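Every chain is named by a letter (A, B and C) in the order it is written, and numbering of its residues begins at 1.
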Amino acid sequence: MRVRALQVVSIVALVAAWEAAARLGWVDAAFVPAPSAVVHALGTIGDRALGGLGDTLAKTAIAYAIAVVLGVSLGIVVGSVRVLRDVLNPFVIAAYGIPKILILPWIILLTGFGTTPAILYGTLHATFPIMLLVIGGVRDVDRTLITVARAYGASTWQLYWKVILPAVVPSMLAGMRLGIVFCLLGVLVVEMFAGVRGMGAVMGALANGFKAPELFAATALVSAASIAIVLSLDWLNDRLSHWRDQ
Amino acid sequence: MTVAAIRLALVLALVLAWEGAARFSNPLLSAPPSVVLPALVRVLTLDSYPELPRHLLVTAREIAIAYAMAVLAGLAIGFALGLYRTLGRAYGPILAALYAVPAVVWYPSLMLFFGLDSSSKIAFGFLLGFFPITLAVLAGIRQVSPQLVTVARAFGATPLTTFVKVMVPAMMFTLVGGLRTGLALTVIGVIVGEILGSRQGIGSLINHAYGLLRTADYVALVLVTLVLIVASDALASLVEHRAQRWSE
Amino acid sequence: MAGALIVVDRVSKRYTTRSGVVEALRDVSLGVSEGEFCTIIGPSGCGKSTLLAMIGGLATPDDGHISVDGAAVDGPDPTRVATVFQDPGLFPWRTALENVEFGLELQGTPRAERRRIASDLLGPLGLRPFAAKYPRELSGGMRQRVAIARALALDTKIVLMDEPFGALDEQTRVLMGEWLLEIWRRTRKTVIFVTHSLQEAVSLSTRVAVMTARPGRVKLVLDLPMDYPRAIESPEIVALRAKLWGEIREESLRAIAEST
């Protein structure tokens, strides 16, 4: 209760102080627009921003679907074959950790401006974290469970379907949660770098046009969408992993 | 031993495949290793880009400032939220929600506010590095066993002594891991910022080479950047292992 | 021994590890007849689990051979042999009931039928109220009972148990032993039971095989013809227990001396 109150009070105080600062001219309203101006801007750019957001989310959804399929299937294969795991794991870690922005210019060179590079780059961002966590999940499957399954006559297919896959679900979901943020990030970066459509392009144009209130409104919109997506994944996670501790 | 050999073979095969594929495609779009190598030599001898050291220094400076700020802010806010439970319960979830937003959404606003110069890159690098450090402090504090704190108190330790002699060592493993992740993300943030728009720094050179379709130079510059990134991470991992020794 | 249900004939097993070759079992022979409760007892690391794994088809002997019900063992055969491990190895994402159904599900038993079989087992095992609970919600004793129910659900002639009560506290062990005895007397399955506990060995078994320190061999086999339930303080049982302890003490001392 006290915690809620503290949250509400501090957010209200922050917004009020910000509004006052902008109105009284303590900060340059051209760069830091007052919250009221941002709310107003939300109305004026509403259609354009929602269109851009829809475009971005559609690309993200496609990229994410590809990344989940790739990440989970490759992760299970690499994770369960000892040689593959030993050889490839450092490459997957490197692919995950290296700033992929470095190859963005080349991707644009190859695929041009538009939807394809965005999907490609989003997929590239989301696949490796998912794969990495799935590999770890497969590696850490309790050996006893595998022995039990063998003793009870599980075929290879049954071993994967009834033991390894369910055991990997928590790591898979953790990877998917990481992956969705990276995926959205990848799509937005392409749109900002070389986009003609989508929220990233809209935001880039607003920044270049010094339209601060509109830009803040657009930023708030993407942030809200992204938080909503992650929260719904968290909810799904709780539903699917109810057998775990805590 | 054999694993290392297979890895090496794999890398060689990839390089060969790259060579083969690049030779038969549009030379503007792709440069084979045999062309990149001379370009790399020219880059390293400061032949093609005499200003390379200056640009690298700009980037290094941005990274250093951004990282120093991220460490200071991350530690301060992490400890404040971790040690004062009410603060942590109130602001922790807000922080976690913000972390769920892909950081690049803040970049246009930073560009608008700070302009094309170094400050916007520093701000973005700071933003990326700050979160993992703060979250590592929070996770580290949660990991300190209350039993250890009780023992210290039973032996008459003051709160300050408990903090220095029990809490910090007990959370060292997680904390140092967070500092390393923070560095990696700060580096990424600065480079992303430079590539999205800048006049100085290694990212601006990469953009420049790409803009002129000097593909071999572009690949060479990317390789130089990668080596520097990997080197900085290796250094960080060395420090990490030293700090985490006791936990083995 | 030729007519026994389970025949272990001059079996040896070696493991190659990074630090060299470990000879786990050397020239082990053992016959177990139908309906017997045969306990294997011996110092840690003498190869008891290895022996059970080979009978269950989870490992293959380097020398010698093993047959079950007249056929050579080549891989797990859950229609004849069901195994209970020391770590219950319950699937954490399955409820108690679903865990019990596991073996039948693999064999393709229709859902309704396997559910009926599993539910019927849970009652007498005192697990009925916990059918819908996940393993993390169960106590150690209950988990082990679910694992035993999972083995019994296969309704095999043979049940192998590798220190099934090893992780339980003393009181729970005694109760679980009484409970297992009752099941065995009702179903008359053939049981091979590995334990560290002399108490369990003397109160449950029709026969006890004592193994030597590594490399494991069968040191001696004792028949226990006494009636159930056995009074543990009866002179006969006390004497037997003392004898077993004498044999095992010697081997355990050797095992400790070798490991240091």
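Assume a residue touches a chain if its C-beta (ideal position, glycine included) is under 8 Å from a C-beta of that chain, and two chains touch if they have at least 3 such contacts.
None of these values were measured; they are calculated from a predicted model.
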Overall pattern in which the protein chains touch one another (line/ring/star/complete/other): line
Innermost chain, where centres are averages of C-alpha coordinates: A
Chain whose average C-alpha position is farthest from chain C's own: B
Geometric centre distance via CA averages, chain B-chain A, whole Å: 18
Chain B and chain C, separation of their C-alpha mean positions in angstrom: 54
Between chain C and chain A, distance of the C-alpha-averaged centres to the nearest whole Å: 49
Chain A-touching residues of chain B, taken from the complex the two chains share: 3, 6-7, 10, 28-30, 86-87, 89-91, 93-94, 97-98, 100-109, 111-113, 184, 187-188, 191-192, 195-196, 206-207, 210, 213, 215, 218-219, 222, 225-226, 229, 233
Contact set on chain C toward chain A in their complex: 56-58, 76-79, 82-83, 85, 87, 89, 91-94, 102-103, 105-107, 134-136, 150, 154
List of chain A residues in touch with chain B within their complex: 2-3, 6-7, 10, 31-32, 83, 86-87, 90-91, 97-99, 101-106, 109-110, 181-182, 184-185, 188-189, 192-193, 200, 203-204, 206-207, 210, 212, 215-216, 219, 222-223, 226-227, 230-231
List of chain A residues in touch with chain C within their complex: 142, 144-145, 147-155, 158, 162-163, 166-167, 169, 242-245
